[in-house]
Amino acid sequence: MKRLFIVAVVAILVASMVPVHSQGGVTFNVGMQDEPKTMNPFQAQDVWDWHVLTYFYEGLVTYRPIDFKIVPNVALEVPEVSSDILDYTVKLRDDVYWSDGKPLTAHDYALFGNMVKEFQIGRYLSSWEFVETVEALDDYTLHFVLSECRVTFIEGTLMSLPIPSHIWEPKLAEFRAAENPTKAVQEYQPVEPDEILSCGPLIFMEWQRGSYVKSKKNPNYFDTGRTHVYDDGTQLVLGPYFDYIVYRIYDTTDAAILGLKKGEIDYIWWAIQPGYVSDLLADPNVTVTNNPENGMRYMAFNCAREPFSDVAFRQAVATLVDRDFIQERVLQNYGEALYSVVPPGNRQWYNTEVKKWGYGQPMTERVPEAVNILKQTGNYSWDVEPTVEEGVVVPGEGMKYKGEYIKPFVILTPPADYDPLRAMSGMLIQEWLKQIGLPVTAQPTAFGTIVQKAMGERDYDMFVLGWSLTIYPDYLRDFFHSSQIMEYGYNIPQYSNPEFDRLADDLVTCGPRGEKIQAAFRLQEYLANELPYIPLFAPAAVEAYRNDHFSGWFDELDGISDSIVYIKPVVTPEETPAPAAEEKEAEGDGPCLGTLFVVLAVIGGSTVYLKRRN
Amino acid sequence: MSMQKYIVKRIFQIFLTLIIIMTIMFILFRMMPGDPTAFMLDTRMTPEHKAIIRAQFGLDKPIWYQYLFYLRNFFRGNFGRSFYYARPVYDLVKEKLPATILLWTGAYIISYSLGITLGKIIAWRRGGKLEFGSTLFGLFFYCMPIFWVGLIALWIFSYKFGFFPLGGLKGPDVWSDPSSGMLLKAYDVLKHVTLPLSVLTLAFFAGSMLVMRTSMLETLREDYIMTARAKGLPEKTIRDRHAARNAMLPVVTTFAIAVAGSVGGGVLTETTFSYPGLGKMIVDATLTFDYPLAQASFLFIALLVLVANLVADILYAYLDPRIVY
Amino acid sequence: MEEQKPRTKWEARIQQWKKSWEMYKENKIGLVGIGLLVFFFVFAVLGFVMPHIDPIYHPMTGFDPFIVSKSPPSITHLLGTDFWGRDIMSQLMSGAQIAFLIGLTAAVVAVAIGTTVGLVSGYYGGTTDTLLMRTVDIVLTLPFLPLIIVVSAAVGKQSIWVLVLIIALLSWGGISRVIRSQTLSLKQRPFVEAARVAGATDARIIFRHIGPNVLPLSFLYMSFLVLGAILTEAGVSYLGLGDPTRVSWGIMLQWCRTTGSTFTWYWMLPPGLCITLMTLSFYLIGRAVDEIVNPRLRKR
Amino acid sequence: MPLLDVQDLTKLFALKGGLFQKQTNYVHAVEDVSFQIEKGESFGLAGESGCGKTTCGKLLVRLIDPTEGHIYFKGEDIAYLKGSALKEFRKNVQMIFQDPYESLNPRFSIMDTIAEPLIIQDIGTPEEREELVANALKTVDLNPPEDFIFRFPHELSGGQRQRIAVARALVINPEFIVADEPMSMLDVSIRAGVMNLLLELKERFNLTLVFVTHDLAVARYMCNRVAIMYVGKMVELAETEELIGNPYHPYTKALLSAVPVPDPKEKRERIELRGRVPTPINPAPGCRFAPRCEYAKDICAQQDPVLTEVESGHWIACFQRG
């Protein structure tokens, strides 16, 4: 027995020393934290799916990188929109082809829109529900008739993806015949390269479930070489400049970080925790970037319950929540204290002038101010009023609202594993609110439970969650419009203000951008004063890449991932040994011999062992 | 009762236990307050659209209907569709099961052989340095949190020395190359599995070693050992043929009990090493509220445990000819 | 060795304890275990004292005003600080408290359930026995950690007591089997019959006569259960299903991981080492007790 | 009125069958046993091991429940008592067990052990109980009581333990005691001491003693009357001297021939029993002894002999004489 083990251990150790060969051509390796779930664009929902799929489809119009200006893509130009025009015709380029050589046509876009509407694909419906009809007048002309002109016509509908109609059309009959057509569409699982066509910069090659996905450069990509010129003189020239991209799965950030340092991957495609930064900075081959995310973390009140329904109460709480402390300590300055619902990273839309409760004040000033706000209403009283004595806050006791003691209430926070920052913030807020005598506890709760209680049952006092946001802040309407007060509606705090509603409705209809920005600013002011949400912080996307393999990364809102099709290899392809086949053969021998050795050793060892036994 | 009859009876018991576990699972998961649609939140999705999605997953049906549906599907070998992957759970389990079996059974076989061998030796040479050393070594790993050992191992062997890959089961370089032969692929898997397998083995072997030691010490007091010695048989023969074989019985018994408790080590190991097995899948599925997937992975883990129990019982009968069923 | 004859009940008990201790003292491994345990106990008690010396030593809210991010060992922070500038040593002390709390509570509850089930099952026999033992069979084949993961997620609330309860409810199976077989042999013993002749009720026989006689065995299993509970809590917390409002060693490792500090040695090594040593101490104690309770294991 | 009047006492033990086995088998441990015991009497139950004598003794103290029959204690049927009535009855009876190493709870101090009946019957305050326990210890010649009261059984010798067992039996002043071979596990040297103690106490407290033994010599020394049992049945019952001097039943004769005789001059024929002891599981009808009886007739295999009084006070169950 023992001999067998020694042989096996030696064999494994020897095997581990044998190098693995690499493939010819320039490969860009990215690390992903989870595998893609599907290659079906109707089902694809998480970021890992889209990290792969996003390079296969080209919208009619698109945001250009960095400043998010809307530019034409497959469409020849961006249509002018106005709230009183409901009929639009869009002309398409005629030089775009699918990876199987078939041309990309207006039918491919129309089919997508019509399928979304016919099969009720929930995640795309909001971009298509106001579209009465969409049809291809000819191969390169699309015609839309709208029931109402919304901003999402351009920043949603026209950014929708095309699907190869010669692949999908023959399947329609089968989908329609299914018991549940919507499900049938979503359950279709393409896995082979001839089912997953691309008209974008990359072409799908293979998918080894649980391990990696591989795509290659599209040699016929219509947009290669496109140049964006910016006001500050920088230029971006569209690639891609690598031959292959391999999406490798690393379940933990630790493994990915090590992979990056070892050179297994060139880029970790998710925001890493700031704790890794100091370690990474020590490695000269690794660069760490820090960009604002278009997202926000907030604490919501249940405005249908007392005393949370009281604006003064919410203002007092906002005064007590030391967002500077959160930024400095909890976020370690990776991220920004937030006072408006629109994050500062979304520069065009962010109102810098909103009221910043308690900004820059120490706790010894915040407490008296909060007490002051509350006392002005005449509704609040204390058994022991909170005071500040010799620079130390003496917490209040027995706080009353309208003559009755405030009942203990709970802040639901996500668990540490989901987001340690929010869990930590919740705990700090609990301590701060206790300073004025509020009987509050922070309760870490499973994410699903919070959503169910907050969005479904509306059974909560306060909770801490977050949103990932869009560039156009139409969410200002969704989150706070009184029409969204319903089960699973988005107005979770149940905030209701007719004036706000009117202004918010205005925000989502088509019109000149300047007017819309003004409306968004007004809405942000309303929210900063009435505080259905207390915005806590805007997180940062801290990312890391290897600077010795590819260069040309650029920063923008939400991180550097848009750079992928713009980055250039640092080592030119000529420098790597060219004849790939030869090298493969030479290196291929090593592992084969190693394996052979292992097998022989194991067989030999077992024979010796068995002989001994007998 | 004949052996076959016994096995049939045990399989029936396994089946019954599974149904009970399934029912518990169902109740548990329906009690779970989370809503799978929560993970498809999209700032631009309206409540009506969410309702459509809920209906698609059958979440709008009454609970008894969902239960019957669930049982019916189970008997048809259909475990439903994963919310998160939107694929049949059966396919997902089928993908992950071989990896898990490779890792877990590998670790059990190696650690138990190692434990039994060492236990035998240290009991035979009681009080030696080997006993002290291996007991201390084994106990340390036995008491260490396995994920912590895993992280340290990952750091030293994968990162510092680069002996092994950092995670996963298949390396893209080998598997994406059509010219890679079977041997090369096998070798690649071996490289990936070595580190998690070693960590799991280290965590497991102390248990079997100590039980073997105790049981061996007891066996060595039996009269037939004295008889064997009196006959002048060689020491090794007495140790291996006479004592060890009998001393192995309690090890097998404790294996049956320990296996249910020790799969946790497997789950944590898989998670630490990003090993694409059932253990990692159950953690991921639970954290994403993927009811069908978490249920199925749990059921399959339970099934693995039950089968391991059955194997232990059969092994017991094989080792102890006195047992008549 | 004829010792003083005890004159009161308490003297008698103390004498019994002393004798057991004499026996225990012979066992070197057991002494190491006790030593470690005492160390952790003192450590845990210190944890209550530290925040009163200086609030920066509060494990949860002790943000050092001068240290804003993780820092290696220094004079004020002997083991360094965590990501948010809190003292790691104080957190380890708090972790020791939690480990004792979880380990002992879960073990006591599990031992209580297991012993009671074993006693009742063994004493009454018949259908009760069959039902209980089939339940035990199922409990024993439930994969432990996966079920805890699933259950604690199902419960939704992440509280340490929920975790303790789940651990306890899933780990009594083994004990009840052992206690049942002991009870089966004990209930045949004439002292039980003698009690019955005197009119003792079933409850009295179970809890006064049989119970105390199986107790050493229960204690033995308890030490292994404590070990299991501590390791389980660490694992569950590490996976992110623990209670983040209390600083346990598992939560420390979870913080260490989720803030991206896995390879920060002064933060990552101590909690793991503490878990190892504390579980080891319980294991060693259990082993020592085992050698005393099972005379078969004593040295030749 | 006799203190104890036993009528047709029967105890069957069900044997566990398989789950799907319809028929249940019974062990006929004690079957249709009847006898009376007068107050102050010392009554012996004798027979080979497995004959049901211990079961019978346990039935008398209601340690186990009878299947059929009646036990009249002072005229009251106690065979089927339950709850508080049974507890009340337990004040009057005690049992002393065979093995003093097993009959004392190793976790109980001597105080706990002896005081237990008092606690259960709720007699006296804790102080009074300590007094009673000390007295009981004195009664069984364990002096001074303080040396013993807080010790544990494993610190005592076998003889001392059996005395403790006796003390426990006596502490609530029972009217009758069943002693189940209390000497068999003791060294021969201390047996006499315990026997004499029992006899002495019986006289002193006017106890009624049921003495279960396999040893007729012991029975002769201890008992006024002896009943012989064979495979659950009572075969002969008489005054001790009468039974030994003038046995009627073939089984008794065989049994007596095996008893060593103190006087070597007295010659006695040794009767060898042939054949197997019949199993008590679902026994065949007829006399249980018939298969081994050299006098067996046809009727013996068909009909059960009834215990009949053949001479004054001498009962046998045999067709030879009956």
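Just so it is clear, A, B, C and D label the chains in written order, and each chain counts residues from 1 on its own.
Just so it is clear, contacts are C-beta pairs under 8 Å (C-beta built on N, C-alpha and C of every residue); 3 or more make two chains touch, one makes a residue touch a chain.
If you're wondering where the values come from, they're calculated on a predicted model, not measured in any experiment.
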Response to the item:
With centres defined as the mean of Cα atoms, the chain at greatest distance from chain C is chain D
Worksheet, complete the sentence: dist(centroid_CA(chain A), centroid_CA(chain D)) in Å evaluates to 86
Response to the item:
Distance between the CA centroids of chain A and chain C (whole Å) is 43
Worksheet item: Can you give the whole-Å distance between the Cα centres of chain C and chain D?
Response: 49
Item to complete: Just give me the whole-number Å value for how far the CA centre of chain A lies from that of chain B.
Response: 35
Worksheet, complete the sentence: For chain A, residue numbers touching 2 or more other chains are 252, 254, 417-418, 446, 448-449
Response to the item:
Expected list for chain B, residues touching two or more other chains, is 32-34, 151, 155, 271, 287, 289
Discussion item. Quick check on chain D: which residues sit in contact with 2+ other chains?
Written reply: none
Discussion item. How do the chains pair up in terms of touching? List each pair.
Written reply: A-B, A-C, B-C, C-D
Discussion item. Which residues of chain C touch chain D once you look at their complex with the stated criterion?
Written reply: 5-9, 11-12, 16, 189-191, 193-200, 204, 209, 212-213
Response to the item:
Residue set of chain C touching chain B in the complex reads 137-138, 140-151, 153-154, 156, 174, 227-228, 231-232, 234-235, 238-240, 250, 253, 262-263, 268, 272, 275-277, 279-280, 283-284, 296-297, 299-300
Worksheet item: Can you name the residues of chain A that touch chain C in the complex?
Response: 252-254, 257, 272-277, 279, 328-330, 332, 415-418, 420, 423-424, 427, 431, 442-446, 448-449
Worksheet item: Which part of chain C faces chain A closely enough to touch in the complex?
Response: 60-61, 63, 68-70, 83-85, 153, 156-158, 239-245, 251, 254-255, 257-264
Worksheet item: What residues of chain B sit close enough to touch chain A in their complex?
Response: 32-36, 38-47, 49-53, 56, 81, 84-87, 95-96, 99, 110, 113-114, 116-117, 151, 154-155, 158-159, 162-164, 166-177, 179, 181, 183-184, 186-188, 190-191, 194, 271-272, 274, 276, 280, 284, 287, 289
